[in-house]
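Here come two complexes built around chain A, the first alongside chain B, the second alongside chain C.
Let's turn to the complex of A and B:
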């Protein structure tokens, strides 16, 4: 979409100040720097906005969008900025609308098992507030202490519990959305079935803020599981570990999580945390979580799954049944991305997803790419969903020029294999954003890509809504 | 070699609720776990078992629910467990608790080494270990950070002290408390759990221990909690702003005057 954007004039700034008040406008470069990047490599992707506004009400977002629409100013919505695909980076400058001050719980409806909240609420805080009512929102992104509800919806976030509970979209019942033209629309409702017209609610879920801004949402809640246990299972080879995943899924027990961690991921994380898990001779580990309403049932499932692992090559089956021990092993899993960054900040954190039966086929390809391009590719992720975070890490001995030359080649080969051979997708939960938009076009059929563009054109005809993301 | 590890069940720290009126911890309904610092004692004992061969017995005093922590210790690799449970034990302070533990340890004789965590994360007194040593009239090594050898009835290692480490040699049998430096606790295994599930943990009551009734429970506890309060923190802070060379000098001067007024400058200290 080729668009000539308008400039942010002092008059437009005054109008924005009038809408959100002066205290909710940020214009100094020192303070705007925070809004210029997300969790992707800032050196490569960061871009400064021209202005940041932090509205406190939906109507203020709508009024800002009307101004942006009138003057064709690009707008980038922002949640916590914990995204991994550059979705919140204002690549064309313009206005960043940060939802950080819209973080209120609007209603907890225990009869309908729903919670309504503004988009800027931290997901973890939402669950903390629901805990005393024995309820929870089953969406569980791994950046649980920072990420916000609006970001979860914009990315249709998955995370560690998707095997059993699915991704964020499964729980979204109603959305309040501000359109690029500045209209406020309500999509969906507190109903379990809805075929009344096109499914616009689900169109917005995972649209990465390119079609409108989610200002609040009503989320379906579940009863809080009363018992949770984990298994940490080391195997001699990654293949052995990954081959057990489809077997577990066929047992009739649905684990909450089945996480895969190859040896280098575990080693880096343990070393970073000063943790001493038994890793000698280990090629990979599975972290399997089970939960339920009855402790005895969870215990029985734990034994059944553990015994299956024992009969399929597990070197040992470690168990964690209390929160203290569970947190100890989960922190190793959650810390992997950070630990790899410490080892080498020049990297590409990938998010490939394949049908679960094809998971064992992914690893030899990663090994081949690693050998061919002389890079390391530690791999971990949500094996139970077929969603692996292969991380292509620059060889510290090679030059940056060489890295810039090979990175797109590696990604192109990897994505062609994942999509072409294994019928997978290039992103399961991190999104396309800025980082993968060229590859989305490369791996989509021309017909599908034309539909993507038609939708964008129909809902954002001036191309002001989070431009430069998803589509070229 | 026979090592005994007394452990305590404590509320999970993520699940602690306080009584707003009394300021005490509400224990009922809480999930109980092994005192996290006791895990290091279990780890030390199991390391010795791996190195030189030993039988590790674990024991705890508490209600029926305490069996869970004993089973978890067995799932980590402990060989035997004993549950000390009797209504008469209820409300025991550290003195009374250490008395009952010492009777149980005598019952487990011969015992070469008693290993404990440095303290419990709930009561936080650190009194039980030295009291057990006292009841048993055994040498005590507190804050043990490493064990180099256990040979010919002598334990050699290091203990953590404020200035660094102190090398120790200690005749066995002895009582030791360990600190975190002994090594990260191992994880329980499924093999261990399954063994623990079939292990019938004996329950020892006051009668079986031939305990002196006047030493037991709340009645036998000399400790009285007279008042529980939160100490008030009074901070007399002055923020001195500094920017630019002139005001930096002025800020340093103000800061020195402030410290001088409080009598915190030693003799010979001069104004800049």
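Let's turn to the complex of A and C:
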């Protein structure tokens, strides 16, 4: 879409200040720098906004959108800025609408088992607040202590418990959305089935802020499981570890999580945390969590899964039942991305997803790419979902020019293999954003891509809503 | 949308015959009558098509759509014709594309636990074919012996097991869709999470054939539960029965089904089937099913649920554990709609859905409407989903003129109460179709309705795809 954007004149700035009040406007370069990037590892993606506003109410978002719409100013919505595909980067400048001050819980409805909250609430805080009522939101992004609900919805976040509980979208009952024209729309409701008109709610979920801004949401809650246990299972080779995953998925027990971590991922994370796990001779580990309402049943399932691992090459099966030990292990898992970043800041964190039966086919291709391009590719992720965070890391011995040359080649080869050979997808939970938009076009059929564009054109006809993301 | 449609000239008929071959074209009034209506109870909805084609391959559907698109001929897709909102009625004439000959299973993928089938396959046949592999598709529409997969997807069917298993859309992994322009698009894939572009798959699910034609689908399968049991629980009054539903939903056990049947629904169905259930002094019954992988656990849950019912006014708790008895009871439940139709052909079968906590508030309003308008309103349905099939039945003593006058008034009052007071929706699983389109507009915000229209305009710009449905 080719759009000529308007400039942010002093008059428009004045109008924005009038809407959100002066304390909710940021205009200095120093303070705006924070809003010029997200957690995507590539400085070349960064771009400064012209202005940042931090509205406190939905109506203020709507009024800002009306101004943006009138003057064709690009608008980039932002949650915690913890995204991994450049979705919150204002690539065309303009206005960043940060939801950071919209972080209230609006309602806990115990009768209908829902919570309604503003989009800027930290995901973990929701569950902290719900714990005493024995309820929880089953979304569990790995960055749960920093990411916010609106971002989870924008990316349809998956995370660590999706094998059993599914992704964020499964729990979203109602959305309040501000459209590019500045209308406030409520989609969905506290109902368990609904065919009253087109399913706009699911269209907005995962649309990365390119069709409108989610200002608040109503989330379905579940009763807290009474019993949770983890297995940590080391294998001699990554291939042995990953090959057990489809076998577990077929045995009729649905674990909460099946996480895969290769040895280098575990080592970097442990070292970064000053933690130790038993890794001598280990090629990779599975971290398997089970939960349920009955302790005896969870234990029985734990034993069954453990035995399956043992008969398929596990070196050992460690059981972590107490909360402290479980938290130690999960900290190692959650810290991997950060640790790899510390050790190798020049990298590309990937988010490929494949059918369950094809999970074992991914690692040989990563190995081939690693050798062909002389890069290392540590790999970890949500193996039970077929969703692996392979991380392509620049060889310290090679030049940046060389890296810039080979990075898109590696991604292109990887994505073509994942989509073409394994019938997978290029992103399971991190999104397309800025980073993968060229590859989305490359790996989509022209017919499907035309539908994507038709949707964008229909709902954001002036192209002001998070431009430069998802589509080229 | 105002569209001037082209006429079906002999030349176009010739082209259609060329595409699908003569044996797959129906043009006589006698044979076309079958395609002029669905199961919606109102003769005034019926409308004859100009021609019916029964393609055998997706490419034929695409080629027919290209012709329709070139000459602006309206096209109405049709599955089994078992719909309850007029979705398959060709209100503007033109071409009916019946999927009846596209009923093949394309693949059973045991490694990924999926089945792929053409849209015209009878839903029940899928499960019959999967039984020996210990797998099943968890969709369970009440018309499962006649309805087809494509129709289930078009309406996002719910049915009898949605309390535990959710609706059809939860199991759809991939769709093959023919667009109004005649392009064949594949949406989704055998992956458990996916944020690679907009969620078009869920947009097509429940869109009632107004955005394109689903030609085949890949469905996620589950392992067959090893143990299933039912409770039949009579109460003295409908209000007592329905008030127990939110209590069951909050106790942490998730039943497969919680069906509600008031006394008149049960009586009519039993009489129609020549069946007998213990109904003396009964005002309503709950039919509660539990299933699971462990028999002991299902039995324990069964006892817990039964005890809850007993402490909240149940007259008795009958347990049906053997398949024969369970099938007898479920036959009564499945036959209710047909039985009411036999006794009272002039009626309006409704499909309202409300938040769980508001379920008990529905019956007093039905009682009020019944008295105010002097009609009877037997009520039954998927109480555990908050989805009730209240059926407004004409008083035999009043005139048809009077019925035509009051029916829209009753529906308008009912829908305004459901949407305005209870924050529910006008259709949970039957769809908007022809029957509810005026009420969808009446009960939607103007902003939401504008988005519905924008989606339709974007994906069907010439308005040829199942016109006259969902939107006015």
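Keep this in mind: the second predicted complex is superposed on the first by the 471 of 472 C-alpha atoms of A that agree within 3 Å, B and C clash if a C-alpha of one lies under 4 Å from a C-alpha of the other, contacts with A are read in each partner's own complex, and residues count from 1 in each chain.
Operating definition for what follows: contacts are C-beta pairs under 8 Å (C-beta built on N, C-alpha and C of every residue); 3 or more make two chains touch, one makes a residue touch a chain.
Please read all numbers here as calculations on a predicted model, not as lab measurements.
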| item | value |
| --- | --- |
| Clash or fit (per the criteria above) of chain B with chain C on chain A | fit |
| First (chain B), second (chain C), both or neither touched by A:113 | second |
| Chain B, chain C and vertex chain A (Cα centres) - angle in steps of 10° | 120 |
| Chain B versus chain C as contact partner of A:10, first or second or both or neither | neither |
| Partner chain in contact with A:385 - chain B first, chain C second, else both or neither | second |
| First (chain B), second (chain C), both or neither touched by A:203 | second |
| Superposition-derived comparison: chain B or chain C, residues of chain A touched | C |
| Which of chain B and chain C A:275 touches, first, second, both or neither | first |
| Contacts of A:310 with chain B and chain C, given as first, second, both or neither | first |
| Chain B versus chain C as contact partner of A:252, first or second or both or neither | second |
| Least C-alpha distance (whole Å) that remains between chain C and chain B when both complexes are overlaid | 20 |
| Chain A partner contacts - residues on chain B that touch it in the complex | 12-15, 31, 33-34, 36, 72, 75, 183-184, 186-191, 193-194 |
| Complex contacts: residues of chain A adjacent to chain B | 231-232, 275-278, 302-303, 306-307, 310, 316-325, 327, 329 |
| Interfacial residue positions of chain C with respect to chain A in the complex | 109, 111-113, 155-156, 158, 162-163, 166-167, 169, 179, 183-187, 189-200, 202-203, 205-208, 211, 223, 246, 249-250, 252, 293-294, 297, 353-357, 385-387, 423-432, 436, 440, 443-445, 447-452, 454-459, 470 |
